[in-house]
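Before anything else, here is the set of structures, which you'll find just below.
Each of the next two complexes has chain A plus one more chain, namely chain B in the first and chain C in the second.
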Partner chain A sequence: MTGPWNADIREFVLAFADDEHLMGQQHTEWIGVAPFLEEDLAFSSIGQDELGHAATLYAIVAGEGDPNREGGIDDRRLDALAFDPDPSRWRSAHLVEATTDDWAHALVRHWLYDTAEQLRWELVAESTLEPLAGAAARAEREEWFHRRHADGLLDVLLPAPGAGDRLRAALTDLLPLAVGLFDPVAGEVQAVASGVTIAPFDSRMPEWADRVRARFDGDLSSIDLSPSDRATPTGRTTRSNAFGPLLSRMREVLDLDPAAIW
Partner chain B sequence: MKRYEVFLKKDGRDEYRHAGSLDAPDDELALVLARESYLRRAEADRLWLVDREHLVVGNTDFVAPNADKPHRHNDGERIAERRKRLREAQKYTGEDAS
Partner chain C sequence: MTSIPTVEAVRAAVATVDDPEYPGISIVDLGLLESVEVRPDGDVVVGLVPTFSGCPALAMIAEDVHAAVAAVGGVTGPRVDIRWLSGPVWTVERLTGTARRTMAEEFTVAVRIGAGPVPCPRCGGDTAEESMFGPSRCRAVHVCHSCTEVVEVMRA
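This part shows the complex of A and B:
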């Protein structure tokens, strides 16, 4: 027995997996087109780490709480989750679905997401669902580096004349989407009750907002950063307009020949 | 952007070896980017980065004059020749020719 498992907890883990997967996918799309070679390698490598987290979480979902069931989960069962053609079965946040055409947006999203991700893993570090606690420990060994990467770039770019303005404009665009990361899935209440997570994710939103303010040192008063009175949460059941094209890009090879066996 | 030279070393007896170079805006990002450019597959346990500006460089005119002094190359060739000659002399005479 590896911990509690039911349909609610499945929703809870799936939402985390979908976020990690799409964030990883978006980062890796910068390979070959990031501002310079070294950054190109670093950013797509960080994306690969996120894809690794997603694979770990999808394996927990596919194994119904036990990723080592039957000697490990068949990759095809992970693919069925990761490339699910039905948008209604996804639980991703709109932040990770959004198309970012320029580097400033990609970098700001990287920072916003990873800052929230740290808080998210902390909530499940002592999870009663043992494989999830294990995934949290593993993820943090990589995440400190992701944050150092994002902070290192922002340290250099925010004070620079043109770059700083572009980054702050990107922040203004992305913040309304970023707060949606904290929207709970329907199963979160159950996940808290069974100790899979120690608290609702949006209880960490004030801490995240403090870090955003400290990092960007700007006037964020126009953005609603309070957990209680922001716009009605979607419950992560609706997909944004950007999701369709993103899923098509991800499924491009699969869709070439739907009958092929991988 | 600054250019850094990258040196890697595995734990154990091997020395630091030059692995390549990279561009980065400052030392902190140079470390971060070196890790992703040169160490993604656990190529080493230790890392040195040297800002190329800090290298003391000897140009080729300075280095080349020592390229024409074969007498400084002790490759053992003349000793080997002498030993071979003595060995063959011994073979034909059956005597100790040393």
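This part shows the complex of A and C:
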């Protein structure tokens, strides 16, 4: 036994996997078109990590709690979880569905997401679902330098006149989507009850909001950042307009020949 | 009928597999091999730890390990299960001295252990980080102050 597993825990882990998957995909789309070579490499490496986390989480789901279950897991099971679900079955946050060709948006999203992601992994670091705790330990070793990357750029760019304005404009656009990361997902209550996670994700939202304020040092009063009275959570059951085109891009090669074996 | 393989024989077979990014360096010297289990029926379970969760070489390494271990039992071969374990976490401390020497000598790759400047594998001088992100996920780019050589540094 590797820990508790049932349909609720499955939903809980899938929502995390979907976020990591789409965030990784979005980062990879900057390869070759980032403002300079080092950023091509940075977004490539960071995207690779997020996709790796997604694969780890999908493997936990495919193995019904045990990614190393007897007999192993067929890669096609992972692909099915990652690419095949109907849009209504995805549990991604709208923040990671949004597509942008503005690098300021990409950078601010990278910071907002990774700051929240750190808190999210912390909640499952002592998970009763052992492979999830293992994934958290590995993820934290990988995530610190994502944050160092984003912070390093923001340290330089936020005080710069033109760049700072663009970054703050991006923040204004993205914050309403970013708070959706904390929307309670199906299965979270049960995940807390069984010790798969120690607390609901939105219990860490005030800490995240403090970090956002400290980082951007701006007036965020127009943005609803209190978990108790923000807009009605959607439970992530609806997809944004950006999702359809994103999924098509992700499935582009797959759809060339659905029967192909890779 | 073949006799069941020994754990030692399986470990030796795994040690013949090189990392695709470092031809000449065994994945055992890289610290990827965590466990070998040989069951009474001859089935073999090999537990590996990935350097990073998103390492694109994982599938290739698993295939290579599978092929190497399947050859141990002779013509019929044991049933082999290759598992990427969720723990422990790989760190650079798992690299053997052999791996570090070959990295330094053949690939001009240094290994970061702890804080402080990373010594240049060519001249021993101090290097400084040029970019956190290098040619692959696990390596940063440094430059040596003494010999001005570009040095890749495997990160902790």
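In this text, the second predicted complex is superposed on the first by the 257 of 262 C-alpha atoms of A that agree within 3 Å, B and C clash if a C-alpha of one lies under 4 Å from a C-alpha of the other, contacts with A are read in each partner's own complex, and residues count from 1 in each chain.
We adopt the following convention: contacts are C-beta pairs under 8 Å (C-beta built on N, C-alpha and C of every residue); 3 or more make two chains touch, one makes a residue touch a chain.
What you see is a predicted model, and the numbers here were worked out from it, not measured in a lab.
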item	value
When chain B and chain C are modelled together on chain A, clash or fit	clash
First (chain B), second (chain C), both or neither touched by A:E130	second
Which of chain B and chain C A:P176 touches, first, second, both or neither	neither
Which superposed partner A:P67 touches (first chain B, second chain C, both, neither)	second
First (chain B), second (chain C), both or neither touched by A:G164	neither
First (chain B), second (chain C), both or neither touched by A:R138	second
When both partners are placed on the shared chain, which of chain B and chain C touches more of chain A	C
Touched partner set for A:H149, first chain B, second chain C, both or neither	both
Partner chain(s) touched by A:L51 [first = chain B, second = chain C, both, neither]	second
Clash with chain C (superposed arrangement) - responsible stretch of chain B out of 3-11, 57-65 or 75-83	3-11
Those residues of chain A which chain B touches in one complex and chain C touches in the other	38, 41-42, 45, 145, 148-149
Touch list for chain B against partner chain A, complex	1, 22-26, 28-29, 32-33, 35-37, 40
Chain B partner contacts - residues on chain A that touch it in the complex	36-39, 41-42, 45-46, 145, 148-149, 152-153, 155-156
Complex interface listing, chain A residues touching chain C	24, 38, 41-42, 44-45, 48-53, 55-56, 67-68, 70-72, 75, 130-131, 133-135, 137-139, 141-142, 145, 148-149
Parts of chain C lying in touch with chain A, wherever the complex brings them together	47, 50, 52-56, 59, 81-87, 89-91, 131-135, 137, 155
